[in-house]
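Below you'll find a set of structures to go through.
Across the two complexes that follow, subunit A remains constant while its partner is subunit B and subsequently subunit C.
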Partner chain A sequence: MAIKFLKQDQLPAFLGYLAEKARVVAPVKTDGVVQFEPWTAGKDVELDVLLAKQSPKEWVFPQTETYLKFQYSTVVPEQSDEGEDAAEGAVPHEMIEVESLNEAPTQVIFGLRPCDARGFVQMDQVFGGYGGFYFDPLYNARRAATTLLAVTCRDPRSTCFCAALDGGPAGTEGVDALFTQVDGGFTAEPLTEKGETALGFSGFADATDAQTSQADSVKSEAVTKVDAPFTLEGIRDNLHDNIEDKGWHDLCMRCISCGTCTYVCPSCYCFSINDELVEAKGERYRVWDNCFNPLYTEETSGHNPRAQKSNRFRNRFSHKFWYYPDKYDSLLCSGCGRCIMHCPTRIDIREVLQVMGSPRAAASGEPTEAEGKEA
Partner chain B sequence: MSRQDHIREFAAKALADGRVDYFIGWKKGHNASEVIPAFVKDPADVEQLIWNPLCHHNLVTFIKRNMPDPVDAKIGLCVKGCDSRTLVSLLQEELVDKEKLYVVGVPCDGVVDRRKLEKEFADELVDVAFPEKGKVVVTTRKGETKEFAQAEVLLDACSHCRYPNAVYADDVAGPLETEPDREGTKPDWSDIADYENLSDDEKQATLEKVYSTCVRCFACIHVCPVCVCWDKCVNRSRQPELVAQKVGAKENLLFQMIHMFHVAGRCTSCGACDRACPVEIPLHLLHRKMNKEIYDMFGFEPGTKLDEKPVFQLFDLNDQFGD
Partner chain C sequence: MADSGKTCLTLDDVVAGASTARAGKKAGNSYLPEVATVIEIIEETPTIKTFRLRFDDPEVQKNFSFMPGQVGQLGIFGVGESTFAISSKPSEKEYIQFSVMKAGEVTKALHNLSVGDKVGVRGPMGNGFPVDEWKGKHILYVLGGIGSAALKATIEYTLEHRADYTGISILYGATHPTNFTYWYDVEEWQKRDDIELVLTIDRECDGWQCDVGMVPTVLERMAPKPENTIAITCGPPIMIKFALISFENLGFTPEQTYTTLEKRMKCGIGICGRCNVGPKYVCVDGPVFSLAELKELPDEL
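Now for the complex of A and B:
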């Protein structure tokens, strides 16, 4: 498929073209904070700040998603004098009316990064029925209606580590069309049919040889700016072997056990389900949850198998690099580094994997005194 | 001898003597623009401890309920003036055991707000240096360098600081900073004047807007040194479900109102919640307003005297209840 070129000043017109047929979501700076939000004419797309605070996950997997509405009522049938059978049917009875919701507007996410797009591909496994597990109609409807137009990371951050996870600043996994900033604008490569459709805007020109070769050098230079602080080889086995290692206690000392890392993450997907009932009307919604939340594992009996901070801390990394790969044949991390940037105490996932993803001395495997004590 | 040297010396001695199991201070983060809490167990590791105006973390967070590991650890820690007041709040309520603590007070002339620095650049910060007193030099990944006067990039909380020195400590890291005249002056609440001048409707609209971006990560709750319910937090309760788990402007406001009421009379405006919030919500707004009300009604400044009790734990017939 031919590579195209879009002049910088044509970007708003291009987004306007997309907005005629779809909701356009893009990184926008408000009061100094960059977040993905619906784009409307006049809003500047922020691409200089490499990563929005949160990944665009919210737009495919909303933090709060109401999917059922229900209403209780009491049905009082009309009284009839004819025969015993009819009298039985005339007993007032409870009734519940249920309405299911599954909102999946056509949308285009522009300005996400290759790691953000890869996060969706990783989540696709758990929601998409991989391995015979549950197929989630809510997620999949939104995902199918979404086009991802990613922008190459020209200047990766020091916290980026996509390269250690077989990704890269110009990675194409999950990307429908990849834009790369070059002199005067962007080159745009359609990678899927959806991408091809999105690039139907008349303001595109065919990229010149000079523009494509500049895009190539932007990409290859960007790759050299990403660190690979660890190798994946052996991490899964070592996390398994180190599950009782006291290193987990040392690493989590500064963890405050909040959920920031999971809520800025492009691939953390846990949620809880809640019913809210006001008088006879209610709704059922799902809302993001995270493995640092005490209720995440608390059992009805009151026992919590992850009673301590260190148990919860261990889960996040083991899930991403051990259990999830075991079950879904995919990592659950794309190396965006948001968890490092936004953690209140800068817990560093790279450090955790370097330490706990390596073989540990057997002697340190002694369970500590505090292990297993109820909090 | 610098404050940093004092801290290292105190830590090494306390660890070597067995007075503490570990010592909490600050150390360099993943690059020289970041500082993170440090947990030192071996006297040989005290060299990693640092002191500079980036040391914003209130380390009292790490001694509150469920944070120590093991649970009965003897802990040494550094406290700035503002941090020490939250420690006194915990001691007043007997929520921590003084006998298990070793407290090093670190006189402080103001903490730099790293987010203010971040906002000056699109690029990532990789170094924040303090070549001389009052001067801050910031370097980005692409090598851009800019100099700031420290006074211009301090945390907002520092502008109304009345306690530059720890109000409670076992040892002090070097000479004290100049104490302001607390007897002759009142706390400065000018930072919330704009909010106070709004009408009720405007206040409601402002609060809903401010909290609309909250993602309920609970960083503000967990980082708060005086917020101690931990796993039993009412905001998490689902049986009964008192606060909707749903994320929305009204629900988020209720969530934050509960935090405000539960720390009323114990919150010292240390600002830890503001700095932990990943979406940069000005959480201090409600807390500062509450602190002002408490000061005006009861003349009470939380966490300043060991022999006081938080104002809502006392009943005094002479209390004045507003107009």
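Now for the complex of A and C:
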């Protein structure tokens, strides 16, 4: 497919063209914070800041997504004479309607980075029922209606490590069309049918040889700027062998279990499901959850299979580099480095992988007394 | 990444808008519960009730089938869902049943249900017991307390297909005579001479005719032979722990020892991520595991 060129000053017109048929989502700076937001005419797309604070994950997998509405014909009894327990569990009767929601507007995400796009490809495995598991209609409807127009990372940050994970600043996995900033504008390479369609805007010209070769050198130069502090080889097996290693206790020491790393991550997908009921009307929704929260696994009896912070800490990294690859033949990390940037206690996934993803001396799984007590 | 020949499902594999129960072998919207009505409530013990439910759509009720040991998500709209073993007989076509111990938010609300109330059911989920592979073997059930609910369908299935198995033994323990679930069925089991049934309570009690002693102790006293036998246990975690030790003492290998696990679950379909034990999800890879499989997993039970 032919490489095209878009002049810098044509970008708003291009987004306007896309917005005629779809919701356009792009990184926009508001009050100093760059976030993926619906783009409307007049908004400036922010591409100088490499990564928006959060990945565009929420546009395909919303933070909170109501998927069921229901209606009872009577309201919840307010008081019960059987004591507090009975009142707490009081339920309405005679349901009249249950409606399932599956909203999936056509949308184009412009300005995401190759690591962000790769995050979607990684999540596609679990939501797509890879290997015969369940298919997630909510995610897939949105995913199918989404076009990803990524922009090459011209100037990767010190926290980027995509190159260590077989990715790169001009990676194309999951990307429908790849834009690269060159003199005077962007080259644009359509990579899929969706990408080809998106590039149907008449403001594109065919890229000149000079422009394509400049794009090539931007890409190859960017690759040299990405740190690759470890290799993937052996990580899975070492995480497996080191599961009871004391290193986990040391590494998790300063973690405050806030879960920020999971929320900013382009591929953390774990969620909770909750119900709300107001009088006779209610909703069931799913909402992002994080595996650092003790309540994530705590059972009604009070038993918690991951009672210690180190167990929960271990789960996140093992999930991304061992459990998920075993089940879905895919990593669950694209090396964007957001978790490193936003961790309030400066926990660095690269360090965790260097330490726990390497062979360790004789494993010792005995927690310290203090560790055993905290919950 | 490695190509193992596994592929994702596509929208073509999906019956649009259908629940798991309705979609049958194809994929549907597995988050969508089928509305069912409570047709009977049995007070099993002071804290356990059995709910018999009939799907509001007769077609769904007619076509609902499950493997013994599979689970379902039972919920009240507006309160939430929890995972329970399906405790009716797989051959029962008139209703499906769940037995629920009152413990947390959802189970308290379930205990407040009356006959005629509406609930939501998703399922069946999970792997179930490999009862067909076990044909020609002796099956030994060791259960305690609410653990009976997880094994009830399987016990009934093997009793219905008694001729397929060389023997059936059931060791069932409870803290007190009033804490046995399904007593009406236990009385039927007592009448049968083609099964070995041992009932035990933790402490002596007036009028109690059967064994006294903790389940693992009674198990070692029973001294079942491991040859050609499958041992299955479910009960409170502490009972399972010691029953597994007893099995080992009796010479049972990890490959012939099975249990069924519980975890805090949400989606029930291997997506939401919370019921994992290492790389296995209890909701789709379990809830049934052999001890050999469990030994491969991180100690996060």
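Assorted remarks:
Going forward, the second predicted complex is superposed on the first by the 342 of 375 C-alpha atoms of A that agree within 3 Å, B and C clash if a C-alpha of one lies under 4 Å from a C-alpha of the other, contacts with A are read in each partner's own complex, and residues count from 1 in each chain.
In this text, a contact is a pair of C-beta atoms (placed from the backbone, for glycine too) under 8 Å apart; a residue touches a chain by one contact, two chains touch by 3 or more.
This one's a predicted model, so the numbers in the text were calculated from it and none came from an experiment.
When the two structures are aligned on the shared chain, A:P92 is found in touch with subunit C, with no touch to subunit B. Applying the stated contact rule after C-alpha superposition, one finds that A:T297 touches subunit C and leaves subunit B untouched.
When the shared chain is aligned, no partner comes close enough to touch A:S220: not subunit B, not subunit C. After overlaying the two complexes on the shared chain, residue contacts for A:I340 are found with subunit B alone; subunit C is out of touch.
Which of subunit B and subunit C touches more residues of subunit A: that partner is C. Of the two partner chains placed around the shared chain by superposition, neither subunit B nor subunit C is touched by A:T208. In the superposition on chain A, contact is made by A:N274 with both subunit B and subunit C. When the two complexes are overlaid on their common chain A, residue A:T106 makes contact with neither subunit B nor subunit C.
By the document's definition of touching, of the two partners only subunit C reaches A:Y323; subunit B does not. The residues of subunit A shared by its contacts with subunit B and with subunit C are 272, 274, 276, 298. Those residues of subunit A that touch subunit C in the shared complex are 67-68, 70, 72, 76, 85-86, 88-95, 98, 100, 102, 124-138, 140, 144, 243-244, 269-277, 282, 284, 286, 289, 291, 296-301, 303, 305-306, 311, 315, 318-319, 322-323, 325-327, 329-331.
Note for the complex: subunit C touches subunit A at residues 1-4, 6-11, 13-14, 16-17, 20, 27-33, 35, 75-81, 103-105, 107-114, 116-118, 120, 237, 262-264, 266-267, 269-274, 276-279, 284, 298-301.
Of all residues in subunit A, only 31-33, 35, 48-50, 53-54, 63-64, 155, 157-159, 249-250, 252-254, 256-260, 262-264, 272, 274, 276, 285, 287-288, 290, 292-295, 298, 304, 308-310, 340, 342, 344-346, 348, 368-370, 373, 375 touch subunit B in the complex they form. Of all residues in subunit B, only 22, 29-31, 34, 36-39, 57, 61-62, 66-67, 69-71, 119, 122-124, 126, 141-142, 213, 215-219, 221-223, 230-231, 236, 238, 241, 244-248, 275-276, 278-280 touch subunit A in the complex they form.
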